[in-house]
């Protein structure tokens, strides 16, 4: 089933055109990766699909209902968003941050259990009592990811939800890059829809069911990794020469940029 | 007024009063005084004289001491700095920012305060405390000074001392014009309060009143109350003499400071450096030293005229 | 799981300290009333009056006002995500005080016993109007704190001028009332003032505590708070209304008492936790403690006279604020 359907989306900020004519569909259990150069409008598209910003033109349907017909609270039960790096106004402990994923008025009393397993899922149990400000960038990402897990888990709609991630791997080391994306993949297998912005084409190729390529505010390509990740596409949007191979183990494309 | 009841003591009191009124040349028979006199004379059983007084207001405190009742005063406010004995009593703070508990901690049986005492909530609490609380109006003419003296002396059953004091005051008052001197001098009172702009005293101020009592004229009679000093106001007033308080003189930076105020140099007072400063409680307090103040001012004026 | 026993211990300690300070404040003052003497129940009518009509309402008023100021400070700092947002510094207190001053001059009769309600309403309106102005100035800007502080400076200046202007319009009686407000004191503590403050202030504190988790979410940034389901626009309105109510009531009964809203939340964050679920209730208790102690000093240092409590809080708060500023250059961008 189609979770999110966007038609003819256009968006501008103070005369500056950010997005034009975007059409896309995100289905249940589908892992979509959005790639594109810096400043091509990826984060803006994510904010619009997540319901934070309203598009100037076009329509977005979430479960066949207009996105704008949902309240802030209703949306929070239907989708989670991992933003790029988050700085706190005041120092808090990591478990407190993870707990923020719980609804503010809840009768659930399995808080501690949920929080512990969410921390465990991102390999961060040992950070539970640490001060968030003292954690490394990668640790912070994992804590925030745990918070979003708690948010998604606490909802009656789990796992028929959408998980948005804006460059989740940016601060992570190799191991945790794979772990976080594997976690997302596992959620997909349960029925979650994942929409993820990535810069690493290798990771994109490995995890995506669908890749969207954004360039200058429009989606220039949509399709499976092997149909989208082509040398001429990479040359046209990044201006970089590359070679693509087929991965011997899983038959997915491998991209090597020529220095 | 009619007195229906006529017991011998009431009658003799009336006689005494009449005699005094004739002596002083003023027909003043206040009902308060009559009533109080009767009360003290009755010596009702159980009635106690006040032995622990908290006095709030410089003029009231001075009056208490002038009535030779200073030994009963247990605490005063910071405006009560005369006589020396009053200065040495425990202080309950500035008269407008009193503390209920502070006053009660001195265990008074009587609180006498000027109508300037505050804040209102504290006054309300004090009145509710069950102690005797008396408010006296702030005097700005001699008649009110006399009223206050009589009210206090009646309250303390020191009527004779009160009448002696009133008589002394009136005698002094009557001698004032005999001293002769500069009745046509125009005097301008300047008040410097803190770092704010200097203010001048118009009509209906205690400064205007003491100036008139001393035989001179207030230079700024065209407005009421205090107004900020402006060079134009100074020129309009054309004072022969500038009067200020010792503290005001100090705040303004001494004699030079006053002379340097814009416009002062253009007045006769400025040109002749006719600046007089006096203690503010003496000059403006309108307590028992009112005539002493008027006399002192009169002599200063004579010297500078 | 998470050191719950430790947290319980901390609450027990802070509650015990609050009770201790309450007793200390009740048993010290210009009028001598030792605690042993009170227990013996052999006190005179005057003793009873001092305790019941003067000291108890005053200590309760100081405690409530301290709690109100500290909780509002913490909530505003959470809302602005900045430790320098103090109701006094950014001008909410001044706005409330100006409204009180205007009311005093326009409706001289209102200063009566139950007029405190009217004054509180005026202070609330003045405070919330000021808060809205400040928020629209600083809410969207990137240099938020600079705008906040500058807006506060400007508002404090305008209010200073307006109060100055009012002194020309007011008669002697009104002038005295104005002076009293501008100094900040618990000297006017009669039971009606206590009833008004508590009846409006305690619900305001409870409602703010109720919003603690939403304030926590706001620490992640507005965007992520929205993603978590918090209606940020509405939250801001609620916090502004509640803090204006709290500050307004406090200002109406005691004038401007500075720095409690700045010092207390910061100390709690430093020593304990920035989690609003802990911070807000702890600020209520610790604000009450600080205000009661400051007022006890104000009552006893120069007894039988007394000094404005604002002098004491500013004496503690001023240097603390400077220290915070010098620190914030390094820590908070």
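We call the chains A, B and C, going by the order they appear; numbering starts again at 1 in every chain.
Just so we're on the same page, a contact is a pair of C-beta atoms (placed from the backbone, for glycine too) under 8 Å apart; a residue touches a chain by one contact, two chains touch by 3 or more.
The shown structure was predicted, so the numbers you read here are calculated from the model rather than taken from an experiment.
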Graph class of chain-chain contacts, one of line, ring, star, complete, other: line
Centre-most chain, if every chain is reduced to its averaged C-alpha atoms: C
Chain B and chain C: spacing of chain centres that average the CA atoms, whole Å: 41
Where chain A and chain B are represented by their mean Cα positions, the distance between them in whole Å: 83
For chain A paired with chain C, centre-to-centre distance based on mean C-alpha positions, whole Å: 43
Chain A: positions in contact with at least two other chains: none
Parts of chain C lying in touch with chain B, wherever the complex brings them together: 29-32, 45-46, 49-50, 53-55, 111, 113, 176-177, 179-180, 183, 185, 187-190, 193, 299, 302-306, 308
Contact set on chain C toward chain A in their complex: 1-3, 77-78, 81-83, 213-214, 216-221, 223-224, 226-231, 269, 273-275
Complex contacts: residues of chain A adjacent to chain C: 47, 50, 52, 71-73, 75-77, 79-81, 83, 86-93, 95-97, 100-101, 103-104, 112, 116, 128-129, 151
Contacting residues of chain B [partner chain C, same complex]: 75, 78, 90-94, 96-107, 118-122, 124-125, 128-131
